[in-house]
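Read through the structure below, which is laid out as structure tokens, and then see the notes.
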Amino acid sequence: MAVQTISKRELTQRTAFSLLVLATAIVAIPVLFIIIYIAVNGAGAISWEFLTQPPSQAGKAGGIFPAIVGTFFLMLGALIFSLPVGVLAGIYLTEYARDNWLTRLINMAILNLAGVPSIVYGLFGLGLFVLAMKFGMSLLAASLTLACQALAITITTSREAIIAVPREYREGSLAVGATKWQTIRHVVLPHALPGIITGAILSMSRAAGETAPILVVGAAFILPGLPTSPFDQFMALPYHLYTAAAHVPGMPKTTIWGIALVLLVVVLSFNSLAVFIRVRIRQRRFGS
Amino acid sequence: MSLDHTLLSNRAVRSAEIQLKTEQVSLFYGTFQALRNISLDIREKAITAIIGPSGCGKSSFLRLFNRMNDLIIGARIDGKVVIDDINIYDRDIDVVELRKRVGMVFQKPNPFPMSVFENVAFGPRRHGRINRGELEGIVERSLRQAALWDEVKDKLGQSALALSGGQQQRLCIARVLAVEPEVILMDEPCSALDPIATLRIEDLMRSLSSDYTIVIVTHNMQQAARVSDMAAFLMMEKDRAGMLVEYGPTSQLFTNPKDKRTEDYITGRFG
Amino acid sequence: MLQRGAPSAIASAGLSRSLRRRWRFGEKFIESFIFFNGLLAIIVLLGVLFLLMREGLPVLSYTSPLKFLFGTKWYPVSEPPTFGMFSFFMATLWVTLIATAIAVPLGVGCAAYLAEVAPSSVRETVKPVVELLAGIPSVVMGLIGLLLLSPLVQSIFNLNTGLCGLTAAIMLSMMSLPIIVTVSEDALRAVPKEFREASYALGATRWETIRHVCIPGALSGIAAAVMLGVGRAIGETMTVLIVAGGALAVPLAPTEPMMPMTAAIASGIGNAVRGGLQYQALFAVGLILFLMTLSVNLVADRVLERQKRKFAR
């Protein structure tokens, strides 16, 4: 008599798989919830005034324009200081470095730079840029600090982009009597450019979202005007959000969510742009 | 499978001037010996073919002449490679200048991901020619020499990757010609191409050889017979090191080889 | 300007003259500059270490190392000030352990699902979501913890305040998830398919294969993923600063408000007199923190290297 029974093993499998799906759901759903919650609750604060006016009433009213500007300057500053180093280091690691202890040490250093806590970068920036080099609590000090943090990203992405350039292009260039640097500059780098740009965008996005380093190195909650020189103090979105949420009694909730929404939009749009470029590169190179 | 003797190159060897030679050259990749004791004199403005079964080191041998083996970690040579009485493996040789004088065309066409014009102008630009008018002249001359001008003269700005395989290879040849080399090394230049493109390249080789010394590696014996003035037969020994078996005028090597191993290879008994 | 192909006069005169070494100054200078930039990663890392030591070690001549590490009283403004960081260390321990305990089963389970079970459409949707999670700034996570999670924790556990280690640990676990999922998934995919096929051929179900072949095969990679997640949790600042409560007493339970090391530094450094004792003490805490994350990352790197070599073909 053929009675369909589920074997014990099949049952185990089904249970296990359900748990796995559950785990995945628990991983994935909160993110979406968070983003949607912020979008819904913060949308109310977004207005032309909010985005273009400075804060008033100790930040409880008005806008966040200086914080947006400050964040923009920080992103630019971090980019300026970390991208050239990242590209040159990537060139060194792909084109010149030999397989020896020094190279292994450099690679280890890169991985560990990525793992340094952001507050430690803050201390480093304080000790070196603010105090020892006497830049003071300033945009310059903060940009340099964030650039150090971004180094791991720019070096790694540049290196990957440069390694991906096919050997045939280099050979073709050398075989017509171009020097190694000419080959790098005119054949390798142009071809690696999209990948390098991806790294640049990711480092900017990282700089936009970091609070701990700038907390230590120069960010302020309310400033009378916009920074006019790299040595000025500055406002920035993540620090503004932190202070507003944790240190201003009576801060309207909508405003807090609004600041969070603006910050999220900046960071996530840059991340998406980087991913978009990465996908386009892959399509262009391998899809057609 | 015997060779059609009517296809043999009938070209007299134009000049007996020696331009390149190797003297007892051995090539090592680390501890592995790729070439053993090869001595060969390459004649000026002739087409010399390097033939032999696959894996015997023909490409490695070719790359001795423009020191492209330098790019491989652990590569070193014993013996000398001499061009105009200078050992090009001397310590004070400018490799970049060497590669300007000794150009190379690769097995798989490798145009840069740039326009046709930029590809050909690449070499001259790197060597300091920046005048646009001068470059245009060089590009046209090189493309004409490579028998490609008529096909691309209206599309100089288009991407080189849009050309067909045969056109890309002729573009690579033009790219090499643009830096005015003395010697052109060709590493199985037709193996990735269809028969018609192959024949066009062979015609091109013949026309170029009145002005340039050409050394071609090929695993296609008929091609070697059709195109070359001199032929060198390389073979792998038991330890996988390549050695020179026989070298002489093509017509003689293919009709009356001196070494039995050459004869076996030519007649298809192995390889 | 048409010219029939004729080698230029210099060339036909022979190769000899031009072949000797030409000194290319520009090239040498550029190469040295490139080399310097290559070293910069090491220079910055060592610079961080050096600076932390220079600014932080002096406090150990004021307080003995044992008292500093295991003392429980951190009173920078008392007369005389005392610096014992043990409560910070315990707080870091609490939040890291709980965050890891939450994140590892979820992360590895999710990774196993994505690598072995999920259809590619699901995979292509979930992976970007996980990357999205990685992109959320820590201050935003802190905010969510503060306004959404802590009231919840407060009511569930009947606490005075929801700002405690547990809340912080939950938010931290979310922040460790992306790295655990990504690295574990890579490790699982690196297990050669021949192993799986052998298992199926012997009649095992997919789950049995995952459990007895894939996960053990990827174990070192998963271990590395866990370590990287731990490193992330140890080093996270803003979330714990906002949500962990900031209390200075040694925490005996996760539901107490506490102050992990990162938060201690962040909250104290603003007020510390430059070069003063508190300043030095905070740098010393930073040094300990740096060494902790450095060692965790170094071990994780070693493990990953070994796993890569194991399956290299």
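Every chain is named by a letter (A, B and C) in the order it is written, and numbering of its residues begins at 1.
To be clear about the criterion, contacts are C-beta pairs under 8 Å (C-beta built on N, C-alpha and C of every residue); 3 or more make two chains touch, one makes a residue touch a chain.
Please read all numbers here as calculations on a predicted model, not as lab measurements.
At the centre of the protein atoms shown, by the Cα-centroid criterion, sits A. More contacting C-beta pairs link the chains of A-C than the other of the two pairs A-C and A-B. Note on chain placement: the centre of chain B and the centre of chain C lie 53 Å apart, centres being C-alpha means.
In terms of their C-alpha centroids, the spacing between chain A and chain C amounts to 14 Å. Distance from the chain A centre to the chain B centre is 49 Å, each centre being the mean of its Cα atoms. Residues of chain B in contact with at least two other chains: 96-98, 101. Annotation for chain A: residues 179 touch two or more other chains.
Multi-chain contact residues, meaning those touching two or more other chains, occur in chain C at positions 24. Interface of chain C with chain A (complex): residues 24, 26-27, 30-31, 33-35, 37-42, 44-45, 47-48, 51-52, 54-55, 105-107, 109-110, 112-114, 117-118, 126, 128-133, 135-144, 146-148, 174, 177, 181, 205-208, 210-211, 228, 231-232, 234-238, 241-242, 262, 265-266, 269-270, 274, 282-283, 286, 289-290, 293-294, 296-298, 301. The touching residues of chain A, counted against chain C in their complex, run 9-10, 12-13, 16-17, 19-24, 26-28, 30-32, 34-35, 37-38, 84-85, 88-89, 91-93, 96-97, 105-106, 108-124, 126-128, 131, 148, 151-152, 155, 179-181, 205, 208-212, 215-216, 238, 241-242, 245-246, 253, 256, 260, 263-264, 267-268, 271, 275. Looking at the complex, you find that chain A touches chain B at residues 98-99, 166, 168-169, 171-179, 182, 186-187, 191. On the side of chain B, the complex with chain A involves touching residues 66, 68, 71, 73, 96-101, 103-104, 106, 108, 110-113, 122-123, 125-127, 172, 175-176, 178-179.
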